[in-house]
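Before anything else, here is the set of structures, which you'll find just below.
Common to both upcoming complexes is chain A, partnered first by chain B, then by chain C.
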Partner chain A sequence: MKFLGVVIVCLTGGLLLYGTADFPDWGDPSSPASTHLSDYYIEKTIEDTQVPNIVTSVLADYRGFDTMFETAVIFTAGLACFLLLRDFRGKKERFYRHKPTGVILHIKDGKKTLAVGKEFEHMDKDWVPSDLIIKTVCRILIPFIQIYAMYVVAHGDFSPGGGFQGGVIFGSSLILLAISYDLKTLVKRIKEKVLGIFAALGVLIYVGIAAICMPMGGNFLDYSKLAPLVPGDPHHVRALGMLGVEIGVGFAVMAVMAIIYINIVSEGRHDEGL
Partner chain B sequence: MTDLLPLIVAKYNYWLYVILMMIGLYAMIAKNNLIKKVVGMNIFQTAIILFYVSIGYKKDATIPIIQNAHGGHDAHAAVIHAIDYINPLPHVLMLTAIVVSVATFGVAMALAVRIYQRYQTLEEDELRMRLSE
Partner chain C sequence: MYWPIDLIVLTFVILCAIAAISVKDLLGTAILFGAYSFMMCLLWAVMGAVDVAFTEASVGAGVSTVFFVAAIFRTSRRTKD
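Entry: the complex of A and B
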């Protein structure tokens, strides 16, 4: 198998390298990819959409359908992870820690529970005391990461950024919380239901904004027809529509990142993990 | 050999993407562990992303964000030349491709976890043995 793999790889690589001889040079402004459609996007984006960031305007307006189904793909991936892994059966044995003394109780009967509160806390089998430095640094850092994520979403029309990037940054701040404390802390802060609702809400915002355009007399995703609904300059309505769908994308990506992480590290039980 | 070198230098982005893509393809074909196969798939996707983004590059051009778009000082609307900005289209396509690669990676990891829960192994030959039993 290894030998066959080397042969296939060498053959394919050789063919691809042979094919590159016909490709345009590195950085050639008159290459076929940069001549036809992209020129229109670059020259007309301000005129059409009033959005300086061409990547955002192409992503959310010219190619809005693509991004809409991309968001649906993300949602489906989160759903697939949930359906594959989620395990609602509780664990047979539980571990509790007596906070003042640090004594660990191991309860083998799954039906018996201890009141968790000031004295006792749930804990994992392979629990290690978290490092104070890591905890403190992450506690200080996480709010700033989240604010930065919101900035990236909100400023996506004017600077590099947008819903996907902001959503990933926000989701990684949630993952950082789970890594620096433990998984229970994250699940306690953000319930599984809330994450699911956020993921669905993101797709709903996108499709909703697109669908509202139809009763207003336009095509699906034709943001310019939203002008009567939004106050302010009607020329900016396309930019506002893009901002709306980017927020939806951000919600969906953020929630799905957290869903995938939580389900994979805890094998679907949402109790202990990395 | 002497005339091959300038050819490689002029198109070194394609050489890099082919090498990276072949590393990923080899990992997908020859590796025995399912996680290593998934990582190979990710390397393959990264090679494609590199290929697309390198296509979009233009010499002496800047990032695809229109400068002074709403600058009020210039009363005359500045003419936008397409040659001054790199091609935004590959960036858009790859932006979504990155997110899809994260999503497929997540689903692949979830499948790997399920396979491990059931068969206690991720090695392909052992899995095949278990399945044929």
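Entry: the complex of A and C
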């Protein structure tokens, strides 16, 4: 069976490699991809949108509809993860650690709880003592990661980056908090409902900005019609519209990354995990 | 003259891919997959697709590795086959 698998993989790989022989060369100016549309994008982007980063203008403006549904796909992924994994039954047994002595209490009655605070702290079954160095380094690092994420979102018009990358980096900072402290710290800081609202809000911002263009007299996603609503240079309004949708994408991606991580690592119980 | 970098990185990509499917330890596979993603990120950067490289670095090498590790944490670390 394994031999058969290897043969099939080699055959498919060989066919794919054989198929690439017909591809145009890398960077070939006469290839179909760079003869019709690319020229228009490269020549007219600054004129049309005032955005120096052509990739962003293609993703968020020329092909904004595509990116809108990508955001919807990300949202759906988070929703599916939530629906498949979320487990609302409480845990039967709990572990507490008495801080001054280090004694571990195992409470089998699910209804009885101890006050967590100065004396007791929550514990997992496979609990690793939280390391002071890791905690401190991550505590210092997390705000900078988050500021960098916001920079990536806000600067997407001018340099590589944008909503997806910034959202993922922001989500990673939340995951880093969960890893360096424990999952309860993250869940306590950002409630599940807030994450869900953020995920939906991101998609809503995108679709909302796109839909506002219609009563203003344009097509769906025609940002240039937003000019009366935005103060400043009317030529710059497409760039601002792109910034708006990028912020929406960033919200959605950030929340969905955190939702997926929390649900996977705690088997949907949101109590203990990596 | 950037083509040797291109070839070296491509070799590493293939090595990482083969190692990732042949290693029995799934945690090692997750890390190798992260390395694979990072090499792909370098390859995108060499080709000048900086946006794609950025996405690959943050999503492929960053978050998806964490998701794999989280999934391994909740399932088993050894493959059956």
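Keep this in mind: the second predicted complex is superposed on the first by the 273 of 274 C-alpha atoms of A that agree within 3 Å, B and C clash if a C-alpha of one lies under 4 Å from a C-alpha of the other, contacts with A are read in each partner's own complex, and residues count from 1 in each chain.
Here is the rule we use: a contact is a pair of C-beta atoms (placed from the backbone, for glycine too) under 8 Å apart; a residue touches a chain by one contact, two chains touch by 3 or more.
Predicted, not measured: the structure shown is a model, and the values here were computed from it.
Asker: If we overlay the two complexes on their shared chain A, which of chain B and chain C does A:77 touch? Say first, second, both or neither.
Answerer: first
Asker: After superposition on the shared chain, which partner residues are touched by A:169: those of chain B (first), chain C (second), both, or neither?
Answerer: In the superposition, A:169 contacts chain C only.
Asker: Any idea whether chain B or chain C touches more of chain A?
Answerer: Here the partner covering more residues of chain A is B.
Asker: Figure out whether A:22 sits in contact with chain B (first) or chain C (second), or with both, or with neither.
Answerer: A:22 sits against neither chain B nor chain C.
Asker: Looking at A:260, would you say it contacts chain B, chain C, both, or neither? Reply first, second, both or neither.
Answerer: both
Asker: Using the superposition on chain A described above, determine whether A:109 touches chain B (first), chain C (second), both, or neither.
Answerer: Neither chain B nor chain C is touched by A:109.
Asker: Touching A:37 in the superposition: chain B (first), chain C (second), both, neither?
Answerer: After superposition on chain A, A:37 lies in contact with chain B alone.
Asker: Can you list the residues of chain A that meet both chain B and chain C?
Answerer: 2, 26, 53, 55, 160, 162, 164, 168, 257, 260, 264, 267
Asker: Flag every residue of chain A that touches chain B in the complex, lowest number first.
Answerer: Those in contact with chain B are residues 1-2, 4-6, 8-9, 12-13, 16-17, 20-21, 23, 25-29, 31, 33-34, 37-39, 41-43, 45-46, 50, 52-55, 58-59, 63, 66-67, 70, 73-74, 76-78, 80-81, 84-85, 158-160, 162, 164, 168, 253, 256-257, 260, 263-264, 267-268.
Asker: Once bound in the complex, which stretches of chain C touch chain A?
Answerer: 47, 50-51, 53-55, 58-59, 62-63, 66-67, 69-71, 73-74, 81
Asker: Considering the complex alone, what residue numbers of chain B touch chain A?
Answerer: The contact residues of chain B facing chain A are 7, 10-15, 18-19, 21-22, 25-26, 29-30, 54-59, 61, 63-67, 69-70, 80-83, 85-92, 95-96, 98-100, 102-104, 106-107, 109-111, 113-114, 117.
Asker: In their shared complex, at which residues does chain A touch chain C?
Answerer: Checking each residue of chain A against chain C gives 2, 26, 53, 55-56, 152, 160-162, 164-165, 168-169, 171-172, 175, 179, 257, 260-261, 264-265, 267, 273-274.
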